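Okay, so chain A shows up in both of these, paired with chain B first and chain C after.
Showing the complex of A and B:
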């Protein structure tokens, strides 16, 4: 029953994709009504005016271009022309670095907040104010203080991914079942060992949920951050191709951003499944 | 009562607030080594609080508890707790749960020694073969067995049980009571147990402590169990004093637990009266004698 459900869902998915691609293809097809104009004027106007070709690329154009990119993902023709693989690697590198720094700070701090009601109450107003700030609002401040655009992007990733992890860790740690803590207490397990053998495994699913939310936000923010700081990365690529008026490349970048985001999410979902325990 | 192994000395528990409530105060109780004591009382009378204080998980507002000559200052590996909700760590296997306790008690033991010791107690509670299962794969009775194995594995001086069988079905409860009784008799374990179940108390306990309703609960009586130490579940109801004992406890729970404090103004909490059931229940003449030809009790 589940297999057949999965199969039916796949058929519907493929059908919807086909409908979408078909509609896209039809919508961007050449209309063929070329205006009658002098050759010089036609050169200025471009293909849209001369051959009735839509400025929006069709799925076939995008597919052809994508194939070109996939064949040469790592070429480097200078600052404004790098392969998509290189751009994605730059973005992923920034995300990973900012994210790992956030993990290293949010999880221990979350433990502290979760275990100490005093710290929880004391830090709460700061967290409540800092959390809703758009990460990009930090950018000018980061650029001014760090004085390095690439590091500023990493800082922005850090600041946006730290909150969900911090809040989830604190919540997970604070809501570990009292009876499990009591088990550790009656066994005279010390604080340090208790944190690793009872609280960490008990809170791990909640912590992983926070980490999963964070990686999603980090990947959302990196595109915007790289549009601002420029230089390298998939966000910069999108903006650069917009300046080149290459809508095809913009669409390809959008597709890849989605795919990479999905892979990152799936990796954390997999890890999350490892630490989840049935009750 | 000169050599008290456990001595609860005038403990009180109050919750401060806009209206401060006294759960109980000036509570005294002694237990000798190897004794099985059951506390019976209605919900909210503070039984669990007494147990938590004995365990060191809770601190009394007043008074102290002395165990083996030492005042309790927090939880200890000498006092094992069997929780009502079994409280197994769900991410560990059966073996992992027991081994966690074993390695907490003997920190220097190597893995193999911890495992061997844990397996011995898993076998004792009849769970051999299930040691690699996780708690979620076990039935309620099996989970509680793991809880018992975990408590026994650290060879505690006292076992504290907080309604350990109340969440189980009747059949499983009976089997586990048998197991606990066998293990406790074999090892001479000192046990402090809380229960709601009169028959459970009669089957397991040497002494049954009756607690009045809270707030302001007191220990009303300590009822000595007249049944022999080597009692069998199937023969309980044949003992001439069984019904007298059972009726005494039920009378207390039904009516006297509410009115005890008002009826007994001169009750001295330091000298809780010990009740010895000395007579059989009066027999209704027009009916058959209750203690001879009664219908067979169904033993589990």
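Showing the complex of A and C:
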């Protein structure tokens, strides 16, 4: 039964994709009416103006360009033009660094906050205010104070991804069932051992959920940060191609950003399945 | 023993020195600081080179310190110097030394915005002008004017492509913390245009433009001042009758297509790109407002000049060289091809060729020719700076009194650039000020306050 459900879902997915690509293709077909202009003038103009070609590329254009990129993902033509593989690697590197710093700070801190109802109440307003701030709002402040653009990008990733982890860790730790802690107490388990053998395993699924939300946010942030800071990374690639009004390349980048984001999310989903326990 | 101590001084001691340890005496330390800051100490700077060369020669003749000292004591320093110059052409050696002081820092980063204004900065990389000056320069594309400003202030870039008024604004602390910046060279003159959306094809008289929305690249830009000037001359108050928005150049074409703006005064290849994509037409070139106006500049902080004077001089030489090359019409096609790839401007070659060669489609079905559509002239006229200051004052960006001349001379390094150009065998203008006229109205750089007062439309202050 489940197998056939999966099969049917896959068929519907493929059908939807085909409908989407078809509609896209039809919508961006060139209108075919060549404008009336002298040949020497036409030579100076782009295809959009001369042949009524749509400014939006069709799926075939995107496919051809994507193939071109996939054929040589690691070329390096100097500081402002690198292959997509290199750009993605730069972005992933930044995300990982910012994210790991966030993990290193959010989880221990969240643990402490969760253990103490007083701190958790006292810090709550600050966390609530910091949480919804957009990465782009942090950027000028970071550039001004840190005075280094790549560190600023990492800082912005850190500051945006730290909050969901902090909140989830604190919540997970605070809502460990009282009975378990009481049992540990009756058995005279030390504080340290209680934290690692009782609270941590009990709170792990909630913590992992926070980490999963955070990696998604970190990946969202990197594109915005790199568009602003420039230099390297997939966000810079989007900006550079936008500069050239090359929508084809922008669409390819969107596709890749989506794919990488999905992979990151799936990895954490796998990890979180490892720590869940039935109650 | 430092190489700067005077070998003609028989009484020199080993440990007498200044705080930094590089100079022989505190006085010389002070002097060197002055010289590095490009203050007018040209004569004594040459003298210093002469001393350095003479010292090297004397050391070569008498490698032993004791012998040298004995020789100096017996004949006296002046005679010794005369004797040395007898058999060694000190003058020539000094000149050679002054020209190629080894750069303190060879690997430099220079930021640029991908527009044709940056042509000399960009093309100097693929065409080898930086390498010729003994530098290894990485030109880095940057997202916008505010980012390039911050990255240059943060020393991620050693020098940058900036809009001509930006170094003035940064030095005065307008929209940034005040940090002394300098302009050793103007990038390009002319090279902007007013582009209107296709739907305004019949609205060619600026008097009908009330209520329109225009985009400019940055508040502190020639684009802003020229558009305001042009509108005001036609009786439109740019602060109340139209809307001016600061939009990064690449977004301008997209915004024009989306109908968010009615037109823009933008740097080139953006104007031509809008025409190329069929979303706008060229109303006028900025050249028709003021022929020969500055557009973008090559800027560096004073701190960089102080820390690495030879690198700075080499960089200026490379930029002046590249600018001179770009000024020649016959090189323009080659330049267009060199700067079009994704590593540099990232734009279709046809568009860049139309801008640089000056044979272009106007967006209305005609082909026009104007070889001076964009031109390149590195000399940083101080009168340009004075004019920009008058406009900053006119539109309320500067409040209170301005010492026009002092500010212009601090930032626009006409004297230093003249020296570099002379050394390179070029013939720079003798004066640092010139008068010009904007839309037929003459500008006298000696009377800036009268000039500001003479405008009917300005920001009420």
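The criterion applied here is as follows: the second predicted complex is superposed on the first by the 278 of 279 C-alpha atoms of A that agree within 3 Å, B and C clash if a C-alpha of one lies under 4 Å from a C-alpha of the other, contacts with A are read in each partner's own complex, and residues count from 1 in each chain.
To be clear about the criterion, a residue touches a chain if its C-beta (ideal position, glycine included) is under 8 Å from a C-beta of that chain, and two chains touch if they have at least 3 such contacts.
Just so it is clear, the model here is predicted, and its values are computed rather than measured.
Superposition of the two structures on chain A shows chain C fitting alongside chain B with no clash. Set against each other, chain B and chain C touch different numbers of residues in chain A, with C touching more. Of the two partner chains placed around the shared chain by superposition, chain C is the only one that A:230 touches, whereas chain B remains out of contact.
In the overlay built on the shared chain, the residue A:278 is in contact with chain B alone; chain C does not reach it.
In the superposed pair of complexes, A:38 makes contact with chain C only, with no contact to chain B. Of the two partner chains placed around the shared chain by superposition, chain B is the only one that A:197 touches, whereas chain C remains out of contact.
Geometry note, superposition on chain A: angle between chain B and chain C about the Cα centre of chain A is 140 degrees, to the nearest 10. Within the superposed three-chain model, A:91 lies out of touch with both chain B and chain C [touch as defined at top]. In the superposed pair of complexes, A:240 makes contact with chain C only, with no contact to chain B. When the two structures are aligned on the shared chain, A:182 is found in touch with chain B, with no touch to chain C. In the superposition on chain A, A:80 contacts chain C only, with no contact to chain B. Between chain B and chain C in the chain A overlay, the least Cα distance found is 51 Å. Overlap of the chain B and chain C contact sets on chain A: empty, with no shared residue. On the chain A side of its complex with chain B, the touching residues are 177, 179-180, 182-183, 185-189, 197-198, 201-202, 275, 277-279. Chain C meets chain A in the complex at residues 114, 138-143, 146-147, 150-151, 153-156, 250, 253-254, 257, 273, 275-278, 341-344, 346-348, 350, 354, 359-361, 365-367.
Per the touch definition, chain A reaches chain C in the complex via residues 37-38, 40-41, 43-46, 48-49, 55, 77-81, 140, 143-144, 147-149, 227-231, 239-245. Contacts from chain B toward chain A in the complex involve residues 55-57, 74-77, 79-81, 83, 85, 87, 89-91, 100-101, 104-105, 134-136, 154.
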